[in-house]
Amino acid sequence: GTGGGSKPTIKIGSDGFYESQLVAEMYAQVLEKAGYTVERSLALGARKVTSPALEGGQIDLKPEYIGSGLGYYDASKPSGDADANAAALQEILSGKGGGITVLDYSPGEDTNAFVVRPDTAAKFSLTTMSDLAAVQDELTWGLPPECETNPLCAGALTDTYGIDFPPANLEALAACDAPIAEALQNGAVDVAELCSTQPAIAQFGFVVLEDDKQTQPAENLAPIVRNDFLAKLSSSDKTAFEKLLNDVSAKLTTEVLTELGVEVAVNQKDVADVARDFLTEQGLL
Amino acid sequence: MTLVGRPGIAATVAFDRVTKRYPGTARDHPGAVEDLSLEVPAGRICVLVGPSGCGKTTSLKMVNRLIEPTSGRILIDGADAAARDVTELRRSIGYVIQQVGLFPHQTIGENVATVPRLLGWAVARRRERSEELLALVGLDPATYRDRYPAQLSGGERQRVGVARALAADPPVMLMDEPFGAVDPIVRERLQNEFLRLQADLAKTILFVTHDIDEAIKIGDLVAVMQVGGHLAQFGTPDEILANPASDFVARFVGADRGLKRLALSRIESLELRPAVTAMVGDDAAAARARILADPFEFLLLLDADNRPLGWIGERDVPEDGLLEPAMASPTSPQLDRRTTLKDALAMLIDAEVQVGIVVDRKGALRGLVTVDMITAWAHASTDRAGPVVIS
Amino acid sequence: MTLVGRPGIAATVAFDRVTKRYPGTARDHPGAVEDLSLEVPAGRICVLVGPSGCGKTTSLKMVNRLIEPTSGRILIDGADAAARDVTELRRSIGYVIQQVGLFPHQTIGENVATVPRLLGWAVARRRERSEELLALVGLDPATYRDRYPAQLSGGERQRVGVARALAADPPVMLMDEPFGAVDPIVRERLQNEFLRLQADLAKTILFVTHDIDEAIKIGDLVAVMQVGGHLAQFGTPDEILANPASDFVARFVGADRGLKRLALSRIESLELRPAVTAMVGDDAAAARARILADPFEFLLLLDADNRPLGWIGERDVPEDGLLEPAMASPTSPQLDRRTTLKDALAMLIDAEVQVGIVVDRKGALRGLVTVDMITAWAHASTDRAGPVVIS
Amino acid sequence: MRPGEPLLDVAWIADHLDDIAFRLGQHVLIAVIAVAVGLAISMALALWARRAPWLRGPVTGIAGVLYTIPSLALFAALLPFTGLTLLTAEIPLVLYTLLILFRNIMAGFDGVPADVAEAADGMGYRSAERLLQIELPLAVPLIIAGVRLASVSTIGLVMIVSLLGKNLGGLGVFITEGIQTFFATKVYVGAALSVALAIAIDLLLVWLERRATPWSRARAARAVAAD
Amino acid sequence: MDVLTATLAWLLDPIHWSGPDGIPTRIAEHLAISIVSLAAAGLVALPVGAIIGHTGRGGTLAVNLANLGRAVPSYAVLVIVLPPALQLAPTLGYEPSLGLSEIPTFTAMFLLAIPPILVNTYGGLREVDRDLVEAARGMGMRERQILFRLEAPLAMPVIVGGIRTSAVQVVATATLGAVVAYGGLGRYIVDGIARNENDRLFAGVVLVAGLALAAEGLLALVQRLLSPRGLPSAGEHAFRNLAEVPAPPAFLP
C-alpha cells in the first residue's frame, strides 16, 4: 500500500450479523494499513438502523449485499444477475444521502438457500427446488416475514416453481437467523430459507436444494461508500482507495466466505483476528 | 334484651405464678411479667394499672393466648387455658384494644357480628344480635349499622369495639386501654356508660389502663404493676388508697389519695345529722328559742313541701311574728344520696355556710352533712393495719 | 448561664377582636375563633384551655402567622404582627408543638441550634448555646448532643423541643399541648421542670392544653374557650375556680373545683396554730397539767432539736416521772410551708390524729394545721362577687 | 445449542476476559449516565411540580406512555438527528427512568412528616431553606430507593442499545452475538453478568443510603432496643 | 408526519381487518398468549405471595429475586428456552410448532408476569395493619380466615395493582413472540421491519400501545370495583419494588 499525504478519517459500518462485520473489518484493516484513520460502527442491529446511518453520514462505508440491499429500496428489482443488481443499486444510491458509490462486488455471494434436513431429502428424494412443488403440502415451510412481498421469495416460488404462496403450513421466521435453523433442525419446519454461507448448514448437515431455475438474487458483496467522503480524496488517493477495497472484494469467493464464517461462528474466533489472518495470508496486509 | 341482659354468664380468671420472658431479652434482665398470681372472681372488673412497659398488655394477652406464658398457668373457671383449643378459647373471650381494630372494609353491623359469624350463627340471628348490641352501647342501629368505621368518631368507634367484643356474650372480656385514645370529656362519658352496662351484664373483665383515676373508678379490684412485671399490690381501690403496700404504690396513686378515697363513697354511707328547721309561717319566737338552745347557730327554713329555702342566723330570727321566705339568706350546696364524699367536701369548702343540705329526689330535706362528718368518716373507715405511710 | 438566665426578654401579646373563619365553612357556621380579645402581660404564662375543636391551636398559630386572621389584629409589644416580615417574626417567637417536630435527620445538638443557624450565628457560639440549653432542660449535653431524635424517649424529645424553642432567647413562646403525648408520670415531671425554668426565664408564653388541671397548674392566666371559638372566661386560675362565669366553665372545671382551688395555695398562706409541746426528759406532771388545761387533747412530744416524735393523749401523760420517746404514739402527716392545701387536706383526712404538723427544712416544729383551718381559709378567701354557682 | 457443545465454554471465557471486562465497563458507563441524567431531569420536574401540583398527573402519565414505545422505533426516529452516538443510546434509557424517579422523589417530599414541616415553618424557615435543609434530606431514602430500582431496570435495558452496534451494546452484544452464532456461552455470560452487575450496584446504593442517612439507622437501632 | 397518515391509512384499510393476518385475528392471538401467561403466573404468584405475605417469612428473598429478574431481558429468555422446547417435543409428544412459538413465548411472558403479582401480593398483605390482624386473632379467627376475610380484602387493591402491572408489560412485550413465528400484534412490527413497511410497523406499535392501555384501563376499573368500600382510596405511593413498575417492551433484534 502507499502513503502520501494525510488521509481523512473514515467511518466504517456493518450489518448486525457476523459476515457483514467480517468484511467490514477487512475494509477497515486494509485502509488503516494505508494510513487512514478508521472509526468502526460494526454490527448495527438492522437495516432500519444501517440505511439511515449511511444516508445520514453516520457512516461512510459499509459492505452491502447487492441483492437485498437493492430489495430494501425496491423489492421488485433484484434478480439473479449480479451486474444488473449492482447497476440498479448504484442507480438508486446515487440519489441517496448526497450520492453513494457502489464499488466492485465480490465473486463470491451469500445468497438465499432453501435447505432441508437430510431425512426429509431422503424421504421425498429432494435435490432441486423443482422437486418441492409435488410435496409442498406435506412440508412445513420456514420463510421470512418479507417473503410475501418479495418477488424473489413468494414470487419466485409461485411463478417459477409452482409452489402456492402462502404454503399450507408456514412459519414466519427471519432467514439465516438462529430460530429458523433451530426450527429446521428440530423438525418444527421442513424447508427453511437460510443463507448459502451459513455455518449451520455444515454443522447440522442440512441439504441445500439447488436453485435449478436461478430465481434467487445475486447477493454478491460490494463496498458502498459515500461520495462526499470520496470527494475528500485527491484523485490519486481516490484510485488507491477504490483499488484497496476492490482487491479485498476480489478475494471473497463463496468458499472463502463459508470457511471464514465457520471460523467466526463455529470456532468463535474474533472477527478482527479472522480478518487479519485472512488478509495477511492473501498478502493484502 | 334477649341475651344481652342475661347476667352471670361469667367465669373466674386466675393467674397462677405466671411469668413471661420475651426471647432475646437478657437472662438477668427481668421478664415482661414476673411470677404473677391473682384471682378475679366471676362478674368482677379487675383493672391492671401501672406505668408504661410494666407488663399490662402482656399479662392480658396471655389470657387469650395471643402470647403464651413462659411458665405458670392461667385458669378460667379452674380449667387451664393452655389445655383448651386456642380458637375456641378466643371465641369465648371478648377482646377490645386501644386502637379498636375495627375492620375498615366491613360495615359497623358486620363488625359487631364478627364472632357470631365465626360461630356460624344464622344471618337473621346475627343481624338481630348486632342491632341489639348497637342499641345497648347507645348507637342507633338504623343510623350506624351500614356505616363504615372511617365514618365514625373516636368515641363511637370505641363503643362499636365494645359491642363487637360482647357479641357472643362471652363470660370473660379483655380490654386494653379501651378508652386510651379519646379525649378526656368523651372518655368520662364512655366510662360511665361502661359501668352502667357492666351493672347489667356482670361479665368478668380484665381492664388495662395506665391512668390510676380510671382504675379507681372502673375497678372492683385493682392490680398495680411495677416495671419488671411485678405485682406491686392487688386489692379493692379502697384498700389500695387506704394502705398502699409500698412507696411505689403510694407515689403511683398520688399524694391526694385521701381525697381519691372519698370519691369512692357516697353521702348515703354517712349518718346524716338532723337540722334545726322551721316552716314558712311558723311562729318565729318558738323557732328562735329552739335554735338558740342548739349549739349550731343557723336555722334552716323549709317550705310547705319540706324543701329548704335557706339559712337564718340564730341572731336574725325575729323575736316575734311569723317566719317568711325573705328572711332566709344564701343557701348551701344541695347534695343527694349519690353525691360522692369528694364532691361533697369540695362543695362544702366552697360554700358560704359550710354545711351541706342533703335532699331527696323531690328536693325535700333529708339531713345535713358537714366537713367534720366527712373527715370523721374517712378516719373511721381507714382500717389501721400497719402504720400510716407518710408521703 | 450567659443568655439563658437573662430574664425579662419578654413582650406583651394582645389579641384584638380576632376572628378566624376557615374557607369552605358555611356562612352561618361559627368560625374557628370568634372575636377573641385578650392581653397577656410580658413574662406571664397564659393557658388556652377548652374542649377539642374549640379553636386553641388556631388562636396560637395566628400569633406566628402560620394562620392569618380573617379579621382583627394581634399586637406584640403593641406592634401589629401582620405588619412585620413573617420570617423575622417567626424567628423571634419560640414554637413547641405536641408532636414536637424535631428534625429526624439532625442530631439533638443541630436541632437545638436551628434558629441560631438560621440567624447566621457562628458555629462556636451555636454549639455553646445548644449545650447550655440542653443542660438547662436537664439533658447532659455530652450524652445527648450527638444522638438522633429517634434515639430519645418521648419525654426527652419534649425537653429538646423546649430547648430548641428557647434557642434564640425569643421574647414570646407558643406551646401547643407540649406535654400532651407523654404519659401522666413523665408529664407531671415535665410540668414541674417547665415551671422552674420559667421562674428563671420569665418569657411571655401562650400555652395550649385541653387538660384543666394542667391549665390551673401552669397558668398565670387561663383563657377558657368554648367550641365555636368563643372566649368563655379569662382570668387567674383562682378567679376561674372561685367564680366560673358560666355553666359551661363550671362544668368544664369540674365539680371538685373547690379542692382544685386548694391546690393553688400553700401552707405558708395559713396562720399556723401553736401546739402544746413537751421535750423528752421534761417533767411529766407539769406537761400533763398544761395539756389538760388546753382544749386540744394531745400533747406533742419533741426531741432535743424540736423535731416532733409523736402525740401523747392527755390521759396517757404519766402523773410523775420524766417523758420518754416511747410514750409517743403514731404520728400525723408532716407538712412543710410549700405543701399545697389540697395535699395537706388529703393527708389530714387520711391520718389518725387529724392534725398536720408543719416543720421547717431541719424538721423542727413550726406549728399545726387542721382541716378546719383549711376550710376556714377557703371560705374566707372566696370573694363573694355573685352567688355561688351550685353544680 | 450446537450439537455436543458444552453448556459453558470456559476456554472461551478465559480467552476473552479483557473483552468481557470492556463490555462490562461499557455497560456500567451507559447505565450510570442514563440514571444520573434521569435523576437530574426527574429532580427538576419534581421541584417544579412541587410549586405547580397540577403538573404531577400529566408528568406521571406521559412517563407511563413512554413505556409502550419500542426502542427500535425510537432509535429509527432519532438516528437522523442524533446519529450513531451515545446520545441516541441514552435517550430511551433516560426516558425509561423518569417514571420511577419522578414518582419516588415526589413521594419523598410527600413523606415529610406534617409536624416536622410545621415546626420548620413555625421557626421561620424560608421556602428554599426548608427545601434544602429539611425536605430533601428527609426524602433521601425514597429517592435512593428509586435510584436503586432505576439502576437495576436500566442495566437490563442497556441490551437494547446493542441495536446501535458493538460500539455501544455493552453486555447486550454478547447476547445478540451468542444468539446469532448458536453460542450459548455468550448468552449466559451476558445475562449472568448483567444480573451480577445489578446486584453489585444495588448493594453499593444500599451502602450509600446508610452513609447518607445515619438517622434512619439510629431509628432501626432503637426499634431493636425497644423489643 | 406522513408516517402518521400512512399508519392511519393502513389501520383504516378494510383489507387489514379480516383474514388470518387481519387485526381481529392478531388481537385474538395476542390476547390468548397474554391471558394464558397471566393466568399461569397468577396461579403461581398469588398463593406464594399470600403465604410469604401472611407469615412474613422469606419476603425479602422473594422480592429481591423478583427485582433482579429484571436484569435478564425477555428476549434472552426466549432464545434460551427455544432449543430445549424444540428438542423436548418428540419426548413429550407435543407439536414441534408449539415448541417453536407458543412454549418459548409463553415461558418468557410467564416469567415476566410473575414478579409484579408476587411482590404486590406480598406487599399488600404486609401493609395490613398488624393491630387488625391481632384483633382478628384475638377474636378467634383461624389463620386462613384472617387471610381470606381480612388481609386479602384489604390488600385487594394492591394485589390487583400487581396484576395490572403484569398485564400491561405482558401485552407490551408479547410482540416478541413474532420473532419465533408466533402470531399476535408483534407480527405487524416484525413484518413491518423486515419488509421495511413503516405503516405496518407503526400500526403494530399503535395497536400494541392501545391494547396495553385498554388492559390498564380495564384492570384499573376492576381495581376500583374490588377496593373494599369504607377505605380512603390510597394516593400514589413510592415505588418500593421494581416489580411495581411496568417493564418497557423488550427490543426486537
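In order of appearance the chains are A, B, C, D and E, and numbering begins at 1 in each one.
Going forward, a residue touches a chain if its C-beta (ideal position, glycine included) is under 8 Å from a C-beta of that chain, and two chains touch if they have at least 3 such contacts.
If you're wondering where the values come from, they're calculated on a predicted model, not measured in any experiment.
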| item | value |
| --- | --- |
| Chain labels contacting chain A and also chain E | D |
| Between D-E and A-D, the pair joined by more C-beta contacts | D-E |
| Farthest chain (mean CA position) relative to chain B | A |
| Label of the chain whose CA centroid is most distant from the centroid of chain E | C |
| Central chain (distance from its CA mean to the mean of all protein CA atoms) | D |
| Centroid distance [mean C-alpha coordinates] between chain D and chain B, Å | 62 |
| Centroid spacing, where centroids are CA-atom means, of chain D and chain E in whole angstrom | 22 |
| Inter-chain centre distance, chain C versus chain E - centres from mean C-alpha coordinates, in Å | 65 |
| Inter-centroid spacing, chain C versus chain B (mean Cα positions, whole Å) | 28 |
| Where chain B touches two or more other chains at once, by residue number | none |
| Interface hub residues of chain A, defined as touching at least two other chains | 16, 45-46, 48, 178, 182 |
| Per-residue overlap in chain D, given as positions that touch at least 2 other chains | 1, 72, 163, 176, 179 |
| Which chain pairs touch, all of them | A-D, A-E, B-C, B-E, C-D, D-E |
| Of chain A, residues touching chain E in the complex | 16, 45-48, 72, 75, 140, 142, 144-146, 148-150, 171-174, 178-179, 182-183, 185-189 |
| Chain A-touching residues of chain E, taken from the complex the two chains share | 79, 82-83, 86-87, 89-90, 96-97, 99-101, 178-181, 187, 190-191, 193-197, 253 |
| For the chain C and chain B complex, residues of the former touching the latter | 51-52, 183-185, 210-211, 242, 255-262, 330-331, 333-334, 342-343, 345-352, 354, 371-372, 374-375, 378-379, 382, 384, 387-388, 390-391 |
| Chain B residues within the chain E interface of the complex | 61, 64, 66, 86-93, 95, 97, 99-101, 103-107, 114-115, 118, 148-151, 164-165, 174 |
| Complex contact set, residues of chain E against chain D | 67-68, 70-73, 75-76, 79-80, 83, 168, 172, 175, 189, 193, 201-202, 205, 208-209, 212-213, 235-242, 245-253 |
